[in-house]
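Paired with chain B in one complex and with chain C in the other, chain A is shared by the two complexes that follow.
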Partner chain A sequence: MADRTAASRRGLSEEVAGAGGHQIVERVPSDRQWLWRLISFAVVFGGWEIAGRIPVSPSFPTFSATIVALGEMLLDGTLAGAYAETVQPLILGMLLCSVMAVLFGVGMGLSRTVEWFSLPIFIILQAAPMAALIPLITFLYGIGLTAKVVAVMLMSAPIIVLNSYKGIRNTSPSLLDMSRSFMATRRQQIVKIILPSASGLIFAGLRLGVAAGVTGVVLAELLITPTGVGDLITYYRSVAEYPHMFASILSIIIFSSVAVTLLQRAETALFRPET
Partner chain B sequence: MLNTVLSARNGQASGTPEAAVQVEGIGKRYPGGVEALKDVTLDFPAGELTTLLGPSGCGKTTLLKIIAGLLDPSKGQIRVKGKQVHGPGPDRAFVFQDFALMPWATVLRNVAFGLELRGVAKAEREATARKYITEVGLTGFEQSYPHELSGGMRQRVGVARALAVDADILLMDEPFASIDEQTRRKLQEDLLQLLQIEKKTVIFVTHSIEEAVYVSDQIVLLSRRPGTVSRIIRPNLDHSTDLEAARRDKAYLDCVDEIWQTLKQYLV
Partner chain C sequence: MRNLSKLTFQFLMPAAMILAVAGEAGAQDDMTARIALGDIASVETLNLLIALEHAKERGVDIELTAFKSEDIANQAVVNGQADIGVGVPYPVIQKVDAPIRMFYRLSELRFFPVVDKKYESWEDLDGEEIAVHSRGSGTEAAANIMADKHGITYKNISYVPGSEVRALALLNDSVDATFLDIANTDFVMAKAPGEFHLLPMGDLEGTDEALFARTDWLDENQETVQILIEELLKVTRAINEDPGYVAAERERLGLLADLPEDLAAEIQPYFEQAVEAQLFPQNGGSAEGVKADFDFYTAAGQLEGSPEELKVEDFWYLEPLEKAQAAVGG
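And then the complex of A and B:
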């Protein structure tokens, strides 16, 4: 009797363990994901380290030297000072253009007239090589903050506009029919169907726009007047401190990815109850 | 008791029932030049379920959308309860083949959406929506999102949404076509049961002969494009005693065969 109880208790505890094991099994994929991510980083950085040690080129530093330089620049405030400068035109440009670009793209999606006269401009802008436009910007706006803000806007606006436009145009025709059959006004149709349905592509456009804006500001800092991160890159190259130069470049990549990831998190938290 | 329900339904069917929807000389040519419908004249008796049955591409959806007011006909007119209509109206509600649910909205909001568009207060429209969610058997799923539901459940949401606006006429465009066979049978039975509570005029599009015979009071056979009315058949099945038994009824099998003989000629 006692034995049986013990046995059944053991059985029970095994079941519980089994259930626990199940949960672990379910968690494994995300653990694996992390593992794969770590491996891919290790491969890239390991490859970089080896390439730096060969060395592939005298101006190509090892990964470890770059990280040490990055740490130095973080600690002595060099990076903070540079980014304080770089983010000014970036934030100004993004604030000025993101809202307008979304509105413009939405307008293009909703109105044939707006579409007809503005779609070609944005397609050309998106295809145009920005670096080639920079001299034109300096010619028109000088070499100050304005020119850099314009560079950011020129880089990011077309992507945001075109994505918003596509988002509007991709609204499911049957959802449109549905809203009409329940007698939605045009205003209700736009607010309750078209905009929510387009929001995914609009936000994707904003993320791509921020990444493009970062490219724009760095290009401007490299090609117009050296300030911020662009100045760091130019300076360390001129004095042949390659680990610091690469650390500056690496920092921009990290900065851009973090900004885009934060935007995505914010979107999911604020606008995606269904996920 | 059951007999009275039956005779009430049949009472409307026999004789000359009043038409809820009249289609008069409807023709439709699409801008590209495709002639989808040609001179379709039809009455849809009030309180009955009429099926539009025909080969795919014959203009069934086109006709249903013209009745719904979603498409303008090139010729002819639509009358709803005797009055000519020119667009969507509160007297008609549509059920879509692809469900047309808002993926970002819960079941509750989807079902209440027709009322939301009419400006009904939130508490009131949600109470109505809950009632119809229960009626279609989705209690407990009010806060779920469409992607969390199976195809059959999604179409139940579509039906509940159409019922919630309290239109007299339901327009259903192949509502069960994209749903697996077993679930489809269950949905057909549940629809018939629902219609015994909710007295509606239903215009039901399908390309399945079996489905048409099983659910219909009246079946309109359409010819190949440009669609015209080829024949009208009344299956006269007795659904009131046992919903399942109807599928084994001799009248059911004969009717399926008869329609097949007619439609065969439209196949190449």
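And then the complex of A and C:
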């Protein structure tokens, strides 16, 4: 703690100083972090701009043309309208999936029977190429909202379940020993030791699950019926408006990154205000 | 200085000559054509497959690749991984100035508006829902053109990609009016006899599928292009004269050998209907036909600007077709 305070005072990055003085990476003042991040973006976007200007393909737009298209789509409400459609199956799928998958993962972590019964299924689901399975969903659920919700759940459930399960199993044995020596009941062990200890991995699973869910909904919109942002990509590709098509794809990356970051912030604010 | 001249003469000149010869060789027609299909080869592509086999017999080395979608096949041609594509790449030519030109009209635009029998005419679809392939698609343009022509307004245009998916949606009562292709129209009519019928489309002309290639490839491979077009013209005329030609030629050439029997049985009726609907143009296209394309594809939103101001030569390269027409005659 003393290390961290001292480090913060010196303006050093938390990740570096937080490990009890054991330094793995070199110390970098926090103001330089931004510089390096900016340089990283500049390299990627600069490379994109150059590739578009050569051009590597007549259909590949420059970064600047893509940003102009993104601005247009933001201003005329095209993106807002598309995302209003895309988030419906995403939110529904994630709500259903988060509750069920966390419960399942926790159940697997706490009970051997549940673990033996379900672990192979989720490991297979995680390893399976989901993009290839999504068109098959239409055979069971047709082409409507249900199919898209199922696509979101199929993509995100294995990650959330397996993370929750690992979180429970990684509870420190010494903490459990301590709770036993204090005569804690099983219920107290779960509520006061196991779940708080597992919450980090459970939330990491939820964040990864949201990112996978976004992939699922976009795949469903591209492969099942073109709605929302999937429709934008399909439409702009069919009329060869490539800057708009790339802008739609870029918007998904931004949307997914913002959603994951917001979830991380919410987790910190609600469950770990001390950090 | 003298040494430098000697060096130039001894080494650089032969090198330059080799490069020049290599360049010349690269520009020569090597009698190969890498063809990119936007879908897997099926009964509906048999006319093209037969013509390609005939071209092979005349010495053209053909490499056929099926891509997942027409857009991807188009990109393969634009980027030089394939030589000839199948489709109507008007927007790619106009909007990104891709150096490609269409050179043969493979099939005509034909729409089959299959509707529930409760709709007796287009006027009955006023205030009703209609399903089309996708935004900016030919079926959407056809729906809008018919709405304008008959002074009606749809309640909603829904997008359901895939003719087979829309056929199932019709049979499941999810939609009551949509556009299908020939094969799926037959399928629906056979599955639910008496429940659906076709509305008249009137005279709507345009290219449904064309062959296209990069302009440099067209220039460098004139003989290959000539042979391909000649064989396409001959096969098209043979089919238009006798639709049974396709099944017989497929048998003779051993094409689509793994086609299941029930699908093989559809070859004859499919081509009979296609010929009846005048799907395959007898002359492989013309400048007038391209102008009809401009009207239709501008209405579809695929082309921008006034159709009268668009130039045929900016999109089509008709010279090899005219030569082939002269060679084949008729």
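Methods note: the second predicted complex is superposed on the first by the 245 of 275 C-alpha atoms of A that agree within 3 Å, B and C clash if a C-alpha of one lies under 4 Å from a C-alpha of the other, contacts with A are read in each partner's own complex, and residues count from 1 in each chain.
The working rule: a contact is a pair of C-beta atoms (placed from the backbone, for glycine too) under 8 Å apart; a residue touches a chain by one contact, two chains touch by 3 or more.
All of these numbers come straight from a predicted model, not from anything done at the bench.
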Fit or clash - chain C, chain B, common chain A: fit
Chain B versus chain C as contact partner of A:169, first or second or both or neither: neither
Which of chain B and chain C A:231 touches, first, second, both or neither: second
First (chain B), second (chain C), both or neither touched by A:53: neither
First, second, both or neither for A:143, with chain B first and chain C second: second
Contacts of A:240 with chain B and chain C, given as first, second, both or neither: second
Shortest span in Å between Cα atoms of chain B and of chain C, once chain A is used as the common reference: 52
Footprint overlap on chain A, comparing chain B with chain C: none
List of chain B residues in touch with chain A within their complex: 65, 68-70, 88-90, 92-94, 96, 98, 100, 102-104, 113-114, 116-118, 145, 147, 165
Residues on chain A engaged by chain C in the complex (per definition of touch): 57-59, 138, 142-143, 225-227, 231, 234-235, 237-242
Of all residues in chain C, those that touch chain A in their complex: 71, 75, 78-79, 89, 91-92, 94-99, 134-137, 159-161, 165, 169, 174, 301-302
Interface residues, chain A side, partner chain B - complex: 172, 174-175, 177-184, 188, 192-193, 196-197, 272-274
